[in-house]
Amino acid sequence: MGLLKGKVSVILLVFSLLVVLCASLSVSKEDQQLRLCKEHCRQQRQLDSRQRHQCETACEEYIREKERREQRDEPQSRHDPGKEVMIFEANPQTFVVPNHWDADVVLFVAQGEGTVSLVYTDRRESFNIERGHVMVIPAGVTAYLINKGNNDKLILVKLINPVSNIGKFESFFGPGGDNPESYFNAFSSDILEAAFKTSEDSLKRIFSQQREGAIIRASEEQIKALTHEKGSHWPFGGKGSRDSAPFHLLRQNPRESNDFGSLFEVDSNDYRQLRDLNVAVSFANITQGSMHTPYYNSRATKIAVVLNGKGYFEMACPHINSELREGTVFVVPPSHPFVTVASEDENLEVICFEINAENNHKFPLAGQRNILKNIEKEAKELAFATSAEEVDEVFRNQEEEFFFKGPRQQEHRRGYSII
Amino acid sequence: MGLLKGKVSVILLVFSLLVVLCASLSVSKEDQQLRLCKEHCRQQRQLDSRQRHQCETACEEYIREKERREQRDEPQSRHDPGKEVMIFEANPQTFVVPNHWDADVVLFVAQGEGTVSLVYTDRRESFNIERGHVMVIPAGVTAYLINKGNNDKLILVKLINPVSNIGKFESFFGPGGDNPESYFNAFSSDILEAAFKTSEDSLKRIFSQQREGAIIRASEEQIKALTHEKGSHWPFGGKGSRDSAPFHLLRQNPRESNDFGSLFEVDSNDYRQLRDLNVAVSFANITQGSMHTPYYNSRATKIAVVLNGKGYFEMACPHINSELREGTVFVVPPSHPFVTVASEDENLEVICFEINAENNHKFPLAGQRNILKNIEKEAKELAFATSAEEVDEVFRNQEEEFFFKGPRQQEHRRGYSII
Amino acid sequence: MGLLKGKVSVILLVFSLLVVLCASLSVSKEDQQLRLCKEHCRQQRQLDSRQRHQCETACEEYIREKERREQRDEPQSRHDPGKEVMIFEANPQTFVVPNHWDADVVLFVAQGEGTVSLVYTDRRESFNIERGHVMVIPAGVTAYLINKGNNDKLILVKLINPVSNIGKFESFFGPGGDNPESYFNAFSSDILEAAFKTSEDSLKRIFSQQREGAIIRASEEQIKALTHEKGSHWPFGGKGSRDSAPFHLLRQNPRESNDFGSLFEVDSNDYRQLRDLNVAVSFANITQGSMHTPYYNSRATKIAVVLNGKGYFEMACPHINSELREGTVFVVPPSHPFVTVASEDENLEVICFEINAENNHKFPLAGQRNILKNIEKEAKELAFATSAEEVDEVFRNQEEEFFFKGPRQQEHRRGYSII
């Protein structure tokens, strides 16, 4: 929850000035990808020369943005006052020092168990969290956290939604000392003496001891004292309490489920805290050797983080092709068809934040609910310049709905369809 | 509805960094206009030197933006993640291949008749359209279209509202082949084989035949099969159906009407689909030799497209003066007074999209509802530094309300008032 | 209400591309401040080298923005399509010529008495205003104003909320002549003759007399005629009238009040006109020698204008330290802790516009409602690395709630806490 040095993968909504960018991390051979991406632009015959140029620029921007991101010298996209995703890890038996952000934070607990406490003017609310919980910490609310596990790291995936329309954000530590430095130390000493009606000596005693950083080791007694859930004990009870409580995404009925995978989803209808943010959260567990249908989100931009497993991801317009492994973050802009495939060896778990979720629809492009099945016979003939029977034969063959048996992956095929 | 090569006039909301830009197409002598525009800046005595400089910069930016637009190398304004207007034409007896946009599209049928079909996961909705219909195609919804006319082109004027807050948008073709290239062809062949559970051969047969582009010739039988309105036949009936139906703007009672012209208008109160877009659509038919009152929209930016006729347009601040003819697009920023005049020879038909329509009011500056009539006697005297009687004499003379007899246009006067 | 040459202090929401900027006017020694600001960045140990660099860039951007602002060559921040604050003054017994803005204007009457008239298509509404009134003039609504005072200037503090999402705005004069130049003079004379159905001579008589500018001397009779409140007399009565009426902020019960100061506040719950703007207005009167608690707004950006008195202001992240005097404008971004102190000699009066006010909370960092008091014992120990007793001793000592006795200011201490 702070500016932590743990493993933090950051990716941004990356749009260029001229063209939508499609991004994914951890592509090993970028030059090759750039070449393929541009080649694909050249193949699209409906594009005129200006559009072709834009498509190629999109490919280049994608690579540049990726390089910038890897060098970490420019964490913020210039062109989108954007949401950002962070992966946060706290070691077993640790305490995360109270802090607040100038951003609304949506978090998903990817691993471990702990307790989050939120501090208000009139009360404190504490909630036990575990793998599968989704929670919103509103901007300005001071929060602290313990990892009560003995062995496991507590891992949170966070979506940061800056309050400012410039997209800049930061965290603020009040309790602290030299490291993390307390914001109190930014004020002059006579201000603090007057504010706290106390002596410089007393202030020095409390605002200079902490030098261990934002995540510190806690004793078993401290852990025990801090993990008792106190959400119910607050002075002015009732209103508001339920809102702040985390939502257990993985205890819901999946929206989609078969042998090849499951999809869990929560939006503002289920969890009111997501309403103002216009965000939905979904968790996909794709069975080893399986895939989800090619589909697109009509309005939402998807920011996805791989939690477990390996696989790959393909997207159209411009064509992006990327291997996925634990910690990979990829972004899918609205209305862009894409597909994700799990490796043969292990399930692929992906957590997704869907931004601009209101009135968003998922439109599947294969399987039983394939939207293209709903096109009239004559329209199929005209569009494909072939017989409707031939089209139907292809479009009706897949009897599953959302998750399918994947391509055999003996060899990691990267060849583009040359059909 | 795709990236079509028809006659497409594009203009953008053009604002500069420093000053509001006022834009209009097809001004024949730009150097002269630039000179006049700047001269007008210099005449305004209430401006200090900095403001005068800004005014002149606005004039220059306007010319630069216009040049960029004409060269078509930069379709997107850098400064507004904007709405864009396109004119779309399909020849008689043609079919427009199914496609979707990452944008909400508001369309007005300017000429011809046809049928639009919208494809959802669970249904298809088809609507007959004809001149005067307004319709919204939401982002991500796959749509196709036929022009059933034997002789007339089907002409649509479209306002594109990108979903992305960067203002970038594009269209996506699923059904297709080499041209338009299907987005399926961006995926590798093993992905497609697994998704459709079929062989590479079958895929190749359907995804490689189409080479005719996005608008293709249809036979009479195909036209007939596709023009039967099917809005009522969809599986899960009821809810939603009415929303998608087009709205017949020209069959409403006009908001303003007299011998000199008529104004038809639809906003979200009449047509729910416009609500989220915050857009209103209006159609003005100005009788030959007539004009509308000088007025301004309090909050809305108006994007106007000339459908028929000739005339001219004048706007204040900075002063823009432009001839109008079929296909001209002009933009009027909020609160900027402007006037449009039809030529002596034919009526002038203009379709307008009003962006940011909520709580917008039109404030007329002449005629019976002239707001300046409502100023107190003493305020008139003070403001004009003359007698209230003299002011009233001028402000009360025009007995019409919105459309007036225009200036005699024997000669095309371009002289600025030097009063 | 126009582009007036009176004393106008303008400051903008100043955010840089990379880092939030914290701004305040009238810092006398900027080089010294820059040095201190950067030094503070270097002291923060939790920052890594990239974050430290950003912090220093924030300091530099702040100085640059301040210089730009002082040179007045660039009134608009490039990075925020922003709200702007203006101070408007009209001499005793003057009339402000009717005009409208392409912006919603929230105004606070800081001094004097007068009458504002708003002109609509179907009516006029007039309201008497005096010190303490808050009022909203919607974009596009033509308004005029008299200062009826015999001796006092009428002083308004205005927050300008541009309609355009580019943040550009300007004012438009209809009634006028050469100065202020009427927008009618931008139209060619044949247009005006047709629109008003009158001769060029008549037009010339009314649109060329005024040369005195936007604020002009009024006679006693004119003042008398124009100050009779006419809000109740309008033709179509009822609806709307109450909305436009000003709200008397200083006649409400203060939200906070003790011997050391008072805080008055109005938001959209009390005054509906503020709803769409998402703005709250507050007025703080800090007793001489007193201060308010260090606190932060969770979501709102505060733009503050000093109306009377002297004092100083400190903010954290980056550290900004600024003297305050009449006319100073300072900006506090969301979630940034800050404090304001009145001088020993006189009360400090500050009017604040809080932008993005919805769901905003003020979180006090000292005093009885100090949020840090609500942290558990063990969390205090862990966070401060000291005993909870020592922490409580400091955090519970201040028995006041929002306003406190300030630091003794014999000498103007600028030394930073080196605790």
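First chain written, first letter: the chains are A, B and C, and each begins at residue 1.
Simple rule for what comes next: contacts are C-beta pairs under 8 Å (C-beta built on N, C-alpha and C of every residue); 3 or more make two chains touch, one makes a residue touch a chain.
Keep in mind that this is a model prediction, so the values were computed, not measured.
Chemist: So subunit B and subunit C are the same sequence; what rotation in degrees superposes their CA atoms, nearest 5?
Modeler: So the copies are related by a turn of 120 degrees.
Chemist: Same residues or different residues: which describes how subunit A and subunit B meet, taking over half shared numbers as same?
Modeler: different
Chemist: Let me have the rounded angstrom distance from the C-alpha centre of subunit A over to the C-alpha centre of subunit B, please.
Modeler: Subunit A and subunit B have C-alpha centres separated by 37 Å.
Chemist: Could you tell me which residues belong to subunit C and also touch two or more other chains?
Modeler: Within subunit C, no residue touches at least two other chains.
Chemist: Provide the residue numbers of subunit A that touch subunit B in the complex, in ascending order.
Modeler: Within the complex, subunit A contacts subunit B at residues 15-20, 40, 43-48, 50-51, 79-80, 291, 293-294, 296-299, 301, 314-317, 319, 321, 333-337, 339, 341, 356, 359, 361, 363-367, 369, 371-372, 374-386, 390-391, 393-395, 397-399, 404-408, 413-419.
Chemist: Given the complex with subunit C, which residues does subunit A contribute to the contact?
Modeler: For this pair, the touching residues of subunit A are 2-3, 5, 72-76, 78, 95, 97-98, 100-102, 117, 119-124, 138-142, 144, 163-166, 168, 170, 172-181, 183-198, 200, 202-214, 216, 218, 221-222, 225-226, 276.
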